[in-house]
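The same subunit A turns up in both complexes below, where it pairs with subunit B and then with subunit C.
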Partner chain A sequence: MKSDSKIIIIDDQFNPDDDPTYIVLKEKYADVLTFVSSVEAMKELPKYLDDKIIILLDLSFPSKEPDGHKVLEKIREENKLIPVIIWSAVNENEESFSDLINNDAFGFLKRDVSTKEILTKLEEADIYLNSSVSGALENWIKSHPQGDQDKPYIISVDETELTLNDLLKEVRLQTKLGQSFSKKLNKLTIDLLLRKKENLDD
Partner chain B sequence: MTDLIIAFDNEDSKLGFFFNRCAEIITESVNDTWNCISIDSRSLNEIHLEIRTSQFQGNFVFASFTHGSESSLVASGTSFIQSPVERNYLVNSFSYCFACHTGKLLGRELVEKGTHTFIGYSDEASIVTTYIDLFAECAVEGLLRFYSGSTILEAFLLKKEKYDEEIDKLYQDDFFVASILMDNRDCLVLHGNRDLCITDFTY
Partner chain C sequence: MSNEKNNLKFRFDVSAYRLLGRELITDRITALFELVKNSYDANTDKVHVYFDSVNPKTEESKIVIQDDGLGMTLTDLKDKWMVIGTSSKRRNRESPAPYKRKVVGKKGVGRFAVDKLGAKLLLRTTKKGSDKLICLETDWSQYADLELEQLKIDFEKTKEKQQFFTDIENKYWFEDADIDIQGTTLEISKISETWTESDLKRANTELSKLISPNHQTKYPFEITIHSTDYSEFKKKVVESIAIQYATVEASLSFDFETGKQQILKAENGELRTIEVEKRSCGFLKMNIYYFDQPAKNKFKKVFSDELIDGIKVYRDGLIATPFAEYSGTQNEQKDLLGIDKRRYSYFFDRLGTRDLLGSIEITDVLNPGIIDATNRQDFVDNKEWHELRKYVIEQISQIEAYLKQTRETKKAKVDSELKGAGDDLSQIRKELNKISKSAPVEMKETIDAIEKQVAKTQVSVNKGLKTKITLEEEKKQQESLLFSLISLQTFSSTLAHITRTIIGRIKRTSEFFKERFPDPKFEEVFKKGAEKIFNEMEKLSGAIDFMLKYAKSDSKIEEVDVKTTLENLFGNIHDYTFQQEDIKYELVVKKDLILNYNQTAFEDIIENLISNSTKALMDVSEKRLIKCECLIENDKLVILFSDNGSGIKEEDQFRIFDVFYTTTAEQGGAGMGLFIIKTRLEAIQGSIELVESQFKPTGATFKITFPFKR
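So, the complex of A and B:
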């Protein structure tokens, strides 16, 4: 069954007409978008933040363009939940990966890996998207009508007021508040299990 | 007859509509065996509270729907009851409060200084604007149960059960709102005498 996630490939050397991986991905995922320019990718990505996306990101771009490190950093300024898989030919002995780790790169694939390995990693990312509590919360927020998302939604009696868009931002950025919402859901699950309103699947 | 004060900050810009709804549900539910005195935003201050409570001869019920902090109940941006409590206007009362955090410090202090019982919230209590009536019904449930004859402890536990029921009805369609109800339920606290019932407040 086709996944409802979209794959976004940001790679200056990826040619969909030449690469059989593209055809396989098109069969398995809702859509596959490609950007050969990191500048264009950074400009266009905000349009896709409301979709379920997995990003395959190269690290090397022409010298006038931001490299993959910067692209990942920019993505993480907006959203800490999108799985970004680094797909690159860089020499790991020469490359510094600490920022990629700090910016929660979902995984690393060498340029010359097989299509099967790429699919396996993407599938892991897809499962993560579908099963994370934060992802579920994000989907729930996005399911509300657009017009409602800027209205006050939660008001605490100590006067904190949040709209759905506020909640979405907090969840995507995984702020303390955003993480607290995910914790609430985990706590609710435990509460329902303890009160026997739900059972764990066998 | 039972004396009841309902204090509510109906003019609050963020939650006035909610506080007003809570007060409405109570006034619609109690009959004329309760001497019900409503104090809204225009009169909700320390002086007015002192005047009203000093008129009571014996035990009374105090229900408040306002903002709060660990150490105060607040209306129109001003504390009307504050720790350290130098003069407790709620002596001989059963105090039932919907305000954030008041259960942590203020509630305990009021009981130490002569309030029979305090029911409130020890942490942040929130409401979801698309479920006002639901959150208001949960907020007032304990008081209505007390009114119907439950002891304070029974009323407290039934209030928690009310939260459970609403969580269970809601979680499959709206898990997020269910989780907010759960948080409100879990920070409910009771301090003081839990065995009192309405006959202890009737004259």
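So, the complex of A and C:
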């Protein structure tokens, strides 16, 4: 079954024509986008933040461009939940990984791994996406007509009006509100499901 | 009451007196040393040792030890000076704050040393805040007499008028003193022996052990010897023995008025001090001492607990970052200045912290940019601190260069002497031959025998010379091989990155074949994939060839096709980097230009220059350009290698060829490249120099000269 997630590859060395991995990914995922420039990628990324995406990110870029560390940092300023997999040929003995871990890199792939290994890692990321609150919420919001998504939908305890999209943003950035909402939502879901008060449609 | 006299008694017995005064302190020099140690422990800044008319010994002869230390109160005198074995130093291993000196007089016997020097002692001492000076007179001859008496086994007599040391009375009285003055003066008269000039020399050597090699401490201890008998010691400040032992020493300062900073420069076998513009870290003072192995051994003998442990930073006279500097073991000490971090530190001519002792002096006012890190373990890692480190390393490399030059001069001298000896022998043979011809028959035999002997010696000398030359050449080859391995290390890191990327592509393409072949849908992909795998493999083989060539010894001289080589380096090997960094290059080289040189060495040189230029171009945002132009000048090939990068700062220009000098440490520069090039070129009578930039005002141009014929 084809996943509805999109794969974004940010890598100055990745050419879809050179690497059949591209073909394989195309078959399994809704779309595969590639950026050879990290500057370009950072400019374009906001467009895709509302989609379900998984990012494959290289670390070394030409010196004029921000490197993978910087790119991940920037992504995390916008979205704390997108799985970002580092895919790099760096010398592991010399590279520093602490900032990558702190910025929740989803995993690390060496440059010379097989397509299979890439697929396995991506699959993990995809499962994570679909089981996360943001993923579920996203799916649910998307099922509403476009107009409704921007209407005030919920009123928080401090009486701020939030649209569905606002709410999604809070969850993605894992703000206090977002965190507390996710927590409550999880609690409620478990409660409802286990008391068989509600049935899910699948 | 100032002249009213009272008495004090020593509180000890004869055995103790003998043990301490005689057995422990065996000679006059040690006695003097012990007394000066006391001054040191009393937080003295300056101590003066006067030898008044000590040669010949007369009634007027006097030795005076005068310090400006803490002095003593009457209670101190009674409870400490007059008592043995109760050394307060035993409990406190440090002298009072703020000096906190590590106490040196441990036994508490210094005062009993006095009688070694002379029979009579007048002690005068006063503390700050007291308007009285305490004077105490001791006549050691009384003790000596008594000792003699006690040792006579004449019990009958002694029982009646038994007198103990503790019964002998020492007169004391008070005199008026300035309330702000402190210190203790020991005036020793009735001196026991004559002091010759060599005695004073020995005293000087002994006392010098008390002087710290770092005179940059906040509370320095200074000893001055004054002699009325010898002009050399008329007024001699005792210098640290460490300095006397050092193989090379240098002291650098600055001129605040003109804004000039002194630095070292090794030139023509001399280590000179030259002036340059102030560096961004502010004015610096530096003392640096280098110890070779014999000097180190001597040092260790004298200073059992002091180490040759590198260069320390002093701020306003106090050691900065004390927590980092004072570590129990030398191995745990932090190398803040990065002296040992200079990789391959113990190869060849590198000096490490264990060869060096010294201080670098900074002040809050002159060096505001050097800031202690909050943990006091380090300095804040900023531009100024980098500049300071650079300064230190720069001076060390100059000393290294100087040592190398000295060694070479020495070697050249030995070589020429050896050769001279060979020539002399040949001359002797000729003379002998001449004599032999005109000599009578009976002498002829002897002369011929001598001639044969000389001939044999001549052969040995020549053989020796040849062996020496071969050994040196071998050593040079080994060094050069090692150097090329070192650059290979840096190079291989880059290569590994590229290789891994290439292998990944090949692996996944072939994986696609394995999983999907055959599939008419992917016919085109398969075809392209196979081609791709082939091409990537070609690249890998090329990379391996290059690596292997690198590792090969570079002693072979071959025909180097300059054009092809340059095109390969620029067009193939570095194509990846150039494309990635958007660097354009221009090659101006004639066809069929053949150079008799080693292929690898030539590539190595160009390789290093390309790598330097690439680094220099990082700071330039557009139109990055490298130009390599080959000209023929008489019997020389001249290559002008230029880039329009950030250029080389005026202050850096004269040291860029020094080993480990680098301005690109952040980009992985080890300061090897230009040094290697220079060494290699000089080996073949070529040269490299920095000339006016072809892209001025920015950029840099190097002029490399190769002789065509060798």
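The working rule: the second predicted complex is superposed on the first by the 183 of 202 C-alpha atoms of A that agree within 3 Å, B and C clash if a C-alpha of one lies under 4 Å from a C-alpha of the other, contacts with A are read in each partner's own complex, and residues count from 1 in each chain.
By definition in this document, contacts are C-beta pairs under 8 Å (C-beta built on N, C-alpha and C of every residue); 3 or more make two chains touch, one makes a residue touch a chain.
None of these values were measured; they are calculated from a predicted model.
Student: Could you tell me if A:D99 is touching subunit B, subunit C, both of them or neither one (first, second, both, neither)?
Tutor: Once the two structures are laid over each other on A, A:D99 reaches no partner at all.
Student: Just checking: does A:D191 make contact with subunit B only, subunit C only, both, or neither of them? Give me first, second, both or neither.
Tutor: First partner only, subunit B.
Student: Using the touch definition from the top, say if A:V90 reaches subunit B (first), subunit C (second), both or neither.
Tutor: The second partner, subunit C, only.
Student: Quick one: classify A:K116 as touching subunit B (first), subunit C (second), both or neither.
Tutor: second
Student: State whether A:E40 touches subunit B only (first), subunit C only (second), both chains, or neither.
Tutor: neither
Student: Just subunit B (first), just subunit C (second), both, or neither: which does A:D150 touch?
Tutor: Neither partner.
Student: Using the superposition on chain A described above, determine whether A:D12 touches subunit B (first), subunit C (second), both, or neither.
Tutor: second
Student: So, does A:E77 touch the first partner subunit B, the second partner subunit C, both, or neither?
Tutor: Neither subunit B nor subunit C is touched by A:E77.
Student: List the residues of subunit A that touch subunit B in one complex and subunit C in the other.
Tutor: Residues common to the subunit A contacts of subunit C and of subunit B do not exist here, since the sets are disjoint.
Student: Please give the residue numbers of subunit A that touch subunit C in the complex, ascending.
Tutor: These residues of subunit A touch subunit C: 12-13, 17-21, 23-24, 60, 62-64, 89-91, 94, 110-116.
Student: Could you list, by residue number, the parts of subunit C that touch subunit A in their complex?
Tutor: Going through subunit C, the ones touching subunit A are 493, 496-498, 500-501, 503-505, 507-509, 511-512, 522, 525, 528-529, 532, 580-582, 618, 621.
Student: Looking at the complex, which residues from subunit B come into contact with subunit A?
Tutor: 14-15, 18, 67-69, 98-101, 121, 124-130, 164, 167-168, 171, 175-176, 178-180, 182-183
Student: So in the complex, the part of subunit A that touches subunit B is made up of which residues?
Tutor: Going through subunit A, the ones touching subunit B are 137, 140, 151-161, 181, 184-185, 187-188, 191-192, 195, 197.
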